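Shared chain: subunit A. Partners: subunit B in the first complex, subunit C in the second.
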Partner chain A sequence: MRIFIFLFFALNLMALSVDPLLLRAQASVFPKIMLLDKNIEKKLTDNKLVLSIVHTDDEHKYAQKLKDMIDTEYKHMLGKLGLEPRLVSLSDFNTSTKAGAYYIFDASSTEIKKVISHAKNNKRICFGYNYQDLKANVLISLFVKEKMYIYLSKSALQEYKIKFTPIFYKIAKVLE
Partner chain B sequence: MKSISLTLKITIAFVAVSIGTLAFLYYVFYNLFQERMLESEKEKATLIAQTIEPMIGMNYYLGLNDEIKSLSEQTIKQNLLNSLEIVINDKELYNLPYDEEKEHIHVSYSIKDPVTRADIGFINVSYKLDNFYQAFEDIKSTIIDYLALLAVVFLIFALITRRLLSPLGQIASKVKNYQLGTSIEFSSIRTEPETGAIVDAFRRMLANIREYTVLLERYKYAVDESAIVSKSDIHGRITYVNDEFCRLSGYTREEILGKSHNIVRHPDMHKETFSNLWKALHEKQVWKGVLKNRAKRGKAYYLQEVILPIFDENGYTIEYMGIGHDITQIIKQQEQIARQTTDLITGLPNRVKLEEDIKNFQSPKFALVALDNFNMINDYYGYDIGNYTLKETAEMLQSFIDEKKIKVYGLSSGQFGLLVGENVDVTLFHETCADILQKIDDYILQIEDDSFNIQATAGLTYARENTLSNASLALHQAIKTQKSSLVYEETENLIEQYEKNILWTKRLKSALQDERIVVYVQPIVDAKTLTTNKYECLVRMIGEDGKIISPYFFLDIAKKSKLYQSLTKAVITSAFKVFSKLSEIEFSINLCVDDLMNIGTIEFLKQKIREYDVGSRLILEIVESEGIDSFNAIIPLIADLKKLGCKIAIDDFGTGYSNFAYLMQLNVDYIKIDGSLIKSIDHDPNSQIISHTIMDFANQLDIKTVAEFIHNEKVMAHTQEMGIDYLQGFHLGEPAPIETLLNKTS
Partner chain C sequence: MTKNYLLLISLVASLFAQESAEDDLLSLLQDDMQKYSKIATQTKQNVDYMPYVVSVLNNEELTRLGILSLREALSLVPGVDISIGMAGVKNPIFRGSNPFAMGQSKLIIDGVMVNDQMFGAYNQYLDMPIDIIERIEVVRGPGSLLNYVNAYAGSIHVITKANKDDGSDKEKSLFTAFGSDKYVMGGFLASYKEGGFELSSDLFYQQHDKSVDVRIDRLGNGGEAPQELKNYALGLNAKYQGLTLKSRFAKNESGISYGQPFSLSEDPTDYLDVSNNFLEIDYTFEFAKDIKGNFSLGYFDETRELKDKVFPDGFMLMMPPPGIILPDGRYFLVDYKEHTFTERFETVFTNFKDHTIITGIQLSQSRVKKDIASLSDDGLQSFTINDLLSTSKRDKVSVYADDLIEFDEKNALQVGAKFDHFNDVSNQFSPRIAYVHRYDDDNIFKLMYTHSFREPSWREEYLVGQHFFRSSDSQAEAVEAYEASYILRFADTDSIKFNAYYLDNKHQIHALDPTRTFQNSGNGHLYGYEVELKTEVASSDQFYLNYSYVDGDNVSGLLTNTAQHIAKSYYVHTFNTALSLSTLLKYVGEKERINNDLREVVDDYMTLDLSAVYEHKRSGLTLTASVKNLFDTKYYLPSPIGTYPDDFEQEGLNYLLRLEKRF
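Right, the complex of A and B next:
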């Protein structure tokens, strides 16, 4: 029993290392960053901003939470555009999955690479929950400590070939 | 300003210009530069706002409000802003307190949504002006430093200028004390090239002054020697006279200096002349004119004088100087010339002046106006009355004529000349002459208790050549044709007649000298008995070729050429010589009015009557008796002649005769009826009526009648029937030389 409880918590810890505060901050900021993409008009789906939250089964609950947060925050509208966060299971993800931007929780798995690669190839922003994932070619992440920091991967930016509103570069912390 | 030295003036001018320039530059700098600097400061403030605005907008957009605060604090740390306020969507995100003591400028800048670019708030920036004022203070202190430096420069400049200009002061001091005749020593003065040039210029000027002073002295000497010079003070008191003045006026210097110029003023000088003189002098002008002065001994002398005011350096008159030349001799000559060109009786310009004036006109218009029978006035009333008549007529003409247009001349023998030039046209001149003649005609001359009219005749000419002679010809033709005036151009054959007259005058003179004036006699027959006991003596001239010439050709010439009296005398002498030898035969001689009015002729006649004792047989036939103007003069003459036994006959008595009353006073013995009535009496009722009237008149006065021009039997019969006493004519006997009578009796 102790072992079961230990494993349960250990697995939970491994699987649920999601900070709700950070998640809330990301729910608040990432849709807005989508709008800072200079070519966002070409990336709309049915005239909507679609943010595909790609998750594993373990991450589904947090993905749903993130979606709920976004819906609560924006009520499906960002400015004049509709905003639709979509939950996409990693197993269901394919190249036909359309979105204006992608959100992943963990870039360490092999499967998730295809999301990053797809995002990169289609010049779509790939947000990452963990800013450490910027090393794995995630483009933008966010971290909250004493204040909120937006991270932008310089190397990824060169590969993604996405152009943001210039001042964004002043706001975001660019990581080499 | 005069007392300020040139050095100080230059320095002051330099300082004034420099300060003015600096003040101007400072003013321009202060106004323009301050404005530009403030603008620049404002731009800086705006730039700060512009710089932070996108970041603030983006941070706000992304909800990074902490970043906004952080950014604001970082901005404030630059120490450029006095305050910073950030308001987005009416929410104040940041506000740094405002420090009112510090000078600042405000800039407000809109914050835009980075996506929609819509205004979402604003940034209020209060920018400190500390740096600006600091910069300004730095510039001010720099300018003040420069001014101080300039003051030092000015001081040095003034000292240098003073030193450089000091020779000018020395030159001025020496020149100021210069007196005519002295020299100035400039060698002690330190000279630069410029002051050296001034010294040279002064040396040359002094040399010129010396030269001109000598020249002026010579001029003064020349003027003193050649002119009459006097000077007087502004009150007219004489202060200087030269020797020539003393010599001419007869006064010594002691007598005249200090006296008024009136001492030599002649009483003839008009007050107006001196009024004009003083007016000119008071107006600081030169007066020129002729002065008639009186010398000490009263003798008059004339000066052609120039009087000018002498001014001091301020232009005030300090004295008057008169320079004159003695023109007494010239004035006397002018008076002499004036006398020569003036008619002494009338005071009008005379013939000499007329001839001069005619030459001055291109197309003169001239009228020769002669008073009719003026010689009779002279002869009858005497020359005093004649002269009085001329003067009165001249004055009347002058009062009537505008002398600016028409010049009047007094010519000889009661003649006046009227001359106009191009300014009066022919028509106007003609009309004016007619008016003048009418004026003379209307004029009543008053002489003592008597008064009489005078009349005039005019000859006009518009020719420049022979003006006088042409007018004279026209005048004579006018008199002859009994016209009041005649223009020379209207008498085309005048010259021819004139030449003819001259020729006949010569022939007549020659005949008188050669005793070729002879007497012819024509019988006068008793109408009842047809016996001849009377003869009329008629004058004839024997020509150079021996031909007998009728008086028709020379009688008028004799009258005009004053040979008529000689002719009368020749007839009297010849007739009396013959008839003195023929007792019992009466004879008649013709006397015209001129003969009767000529005292010499009458005296000659009386003398010859007595000499030849022919008075009782002599009948004096008065011809042209219609021309007798003054019977008062004739009546006593006739009476005298009748006392000598002479009988009086009136020749050519006819239609023109109106003075019947005077005829009665003449106490005539015979009336010779005009031949023009007799020659047609046999068939002309008018002639018969007039002749009958004359007959009745003669019968009532017991005057015998004579019918002339009996040229045929019918006429003779008719006259005999009328009861005329005597007959005369070619039918009864043609004129024959008087000597034939002697032959008959012998």
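Right, the complex of A and C next:
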């Protein structure tokens, strides 16, 4: 019995459960939302839309899955613009990491806050896997209720100072 | 997809120049949101926010718990228990509703209902390994997720991996398992896709050599109840544009277990073999924008073959004429086959704002193709042949309509009704109304009322006396169900669910009277509640607990063969992305007997299972090792009065090892 108890409370390694359907929806929707940033043309890197998927070691497989889904759906092109989802390990992330937008899986760790803060300071969208992370200043997420919603944090929007084209507000649900 | 892609190209080309392109982008985003909302509804991912109470068990969750079969998976659902009937057949019981009848719950596999007409049973499918199952949706209570299925106490919808409906690629895998009692299982999942054509298949074979020691049966004999099993099935599906073909061919060969008349057989070669085949062809098309039609043709057949030495050598008959001695005992043999054709036409309207309206008509024709019951009193040298059933047909017409009205983000109402006309049972009208109030994202309230019925099975209505008898004027069982539900979500994956119900059951059918005659035996009232808690205790620890309570009466004014308290719980600890360990604890409370059964109550019991799962991502290998009933708890399921006085002992400590290779 002691062995079982030991096994249960042995040193944890982070485990994240990711909903494959939500990930697929995000892979499809988030790149399109990047286009609704009124200043997106100033946020291109080599004429490409770059979405940095910032991940921990344990999130790597999901980050890779998200990248693969985006690549499969868009085939590296969003219309005539290039689209490049880039995997960035959280430990390698620094303020010189350039991107048109950022994506994170979990905002609960202290270290990930530097990504949110960097996105905010550079007026880049920070997408979150989990809608609950809107409370942690993530700007946009998806949420499945009776149907799927795009959630946009009103308080974060004021801090990020990103201007979206008016049509975005027709489809997004702005959370106080 | 191509249309959207072209739209995307054109819009980005003009994005910086023309404002009209924004409308195109809005349209693309709306299409995406609609597409994924539809998949979420189809896969029951949004179930907390919808007007029904359903438990969804996913393959991933079941694998982590070391669950082997559909039957084991169902034992996780709140309020679900198992009862044992003739020939050791195990049948899920929902909320204590008439534990002496089969057919109160319905099993649907990939949209095809597989309950037979003879018993209303589907137990031969319950050994289906979870390796071929994508998802199990269990509705407690009479509400069904499919309008053409009238569930009574519950409905179980199995979506196989070969019929995965979330739009993602289908799996290809090989799987095998080994366990106690010489259990061996193996099978594969395969799929092929070329352009618009898709072919998918699953196949499995499993066998074990289980038997249970029995101290004494109803004739005073002891011995072994042989429960060996050989079970195999092939699922074959094809899809081309709007055309879909679904089929499953299955055979279940088993030992005679506790015997057809609840006595042990002297002959170890006795058997109960059940074959089932179904095939359904669907064609889906669009009448107009947002109006879809679906035309479906189905075929289902079942063959039952039974050989059972029902009386031992030298047995003296007490039935009239009394005093006759059978020197070679008596064999009872059944050779039975039924089939059912169904034709269904369904229309889904989404063109009215905030409404999803489904209307349909289904016709079915069930016939007996073989109907032979034989007796042999000379060691299978000669036979007395009789019909098993007194009639051989049932025709049914069902008409239904259902409207899901989404008033706004917070409120939705579902109103539905079904009318069923039979050639041999009185007409039935089954209305349903359900309301959901989403107070906010995390607090959801539901209220539901459903009327439903269960038509008598052929055994109950037409059996020509062979150990059991029938009453010729049985009415359908009927239930009025009132349910209230509250869901509190307190994190992305964490929630508490509370569900209270009151069931007013009428005309319950069973054969518990001394003459063993199936007949309507009065009304019953059941009420209770179910609570479920699911939470991530830490980033790598998941805890789940459900508790169900039921009270009232189901048979003769008592709550019989039903545990008032049932609790099920699991804890999963994930060490890293490869290794997880889980414990699964089940508690089933004591069970009262029927009022003229003087035996002590059936004791409560608790079992603990332990499983470890190792997943090697790179190679696609998953290895599961499980120890079930870790403390070797002796526990029993109740036997009917006058049969096995010691009840039915269940499996003690046992082991399971599974290996899966995904491609």
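Quick note on the criterion: the second predicted complex is superposed on the first by the 160 of 176 C-alpha atoms of A that agree within 3 Å, B and C clash if a C-alpha of one lies under 4 Å from a C-alpha of the other, contacts with A are read in each partner's own complex, and residues count from 1 in each chain.
One rule holds for everything that comes next: contacts are C-beta pairs under 8 Å (C-beta built on N, C-alpha and C of every residue); 3 or more make two chains touch, one makes a residue touch a chain.
Quick caveat: nothing in here was measured; it's all calculated off a predicted structure.
Novice: May I ask you to name which of subunit B and subunit C touches more residues of subunit A?
Specialist: C
Novice: Which holds for A:Gln132: it touches subunit B only (first), subunit C only (second), both, or neither?
Specialist: In the superposition, A:Gln132 contacts subunit C only.
Novice: A:Val174 in the overlay: touching subunit B, subunit C, both, or neither? Say first, second, both or neither.
Specialist: neither
Novice: Mind working out whether A:Lys32 is in touch with subunit B, subunit C, both or neither, as first, second, both or neither?
Specialist: Both: A:Lys32 reaches subunit B and subunit C.
Novice: Tell me which partner A:Thr165 touches in the superposition: subunit B (first), subunit C (second), both or neither.
Specialist: Both subunit B and subunit C are touched by A:Thr165.
Novice: In the superposed arrangement, what residues of subunit A touch both subunit B and subunit C?
Specialist: 28-29, 32-33, 35-36, 79, 147-148, 150, 165, 167, 170-171
Novice: Show which residues of subunit C lie in contact with subunit A when the two form their complex.
Specialist: Interface residues on subunit C, with respect to subunit A: 8-13, 15-16, 22-23, 25-26, 28-30, 32-34, 36-37, 39-41, 43, 45-46, 49-50, 166-168, 406, 409, 412, 438, 441, 491-493, 538-542, 571, 573-577, 580-581, 583, 610, 617.
Novice: Flag every residue of subunit A that touches subunit B in the complex, lowest number first.
Specialist: 28-29, 32-33, 35-36, 79, 147-148, 150, 165-168, 170-171
Novice: Please output the residues of subunit B touching subunit A within their complex, sorted ascending.
Specialist: Result: residues 54-55, 57-59, 61-64, 66-67, 70, 114-116 of subunit B touch subunit A.
Novice: For the complex, which residues does subunit A have touching subunit C?
Specialist: Spelled out, the residues of subunit A in touch with subunit C are 4, 7-8, 10, 12-17, 19-21, 24-25, 28-29, 32-33, 35-36, 41, 58, 61, 78-81, 130-132, 143-150, 165, 167, 170-171.
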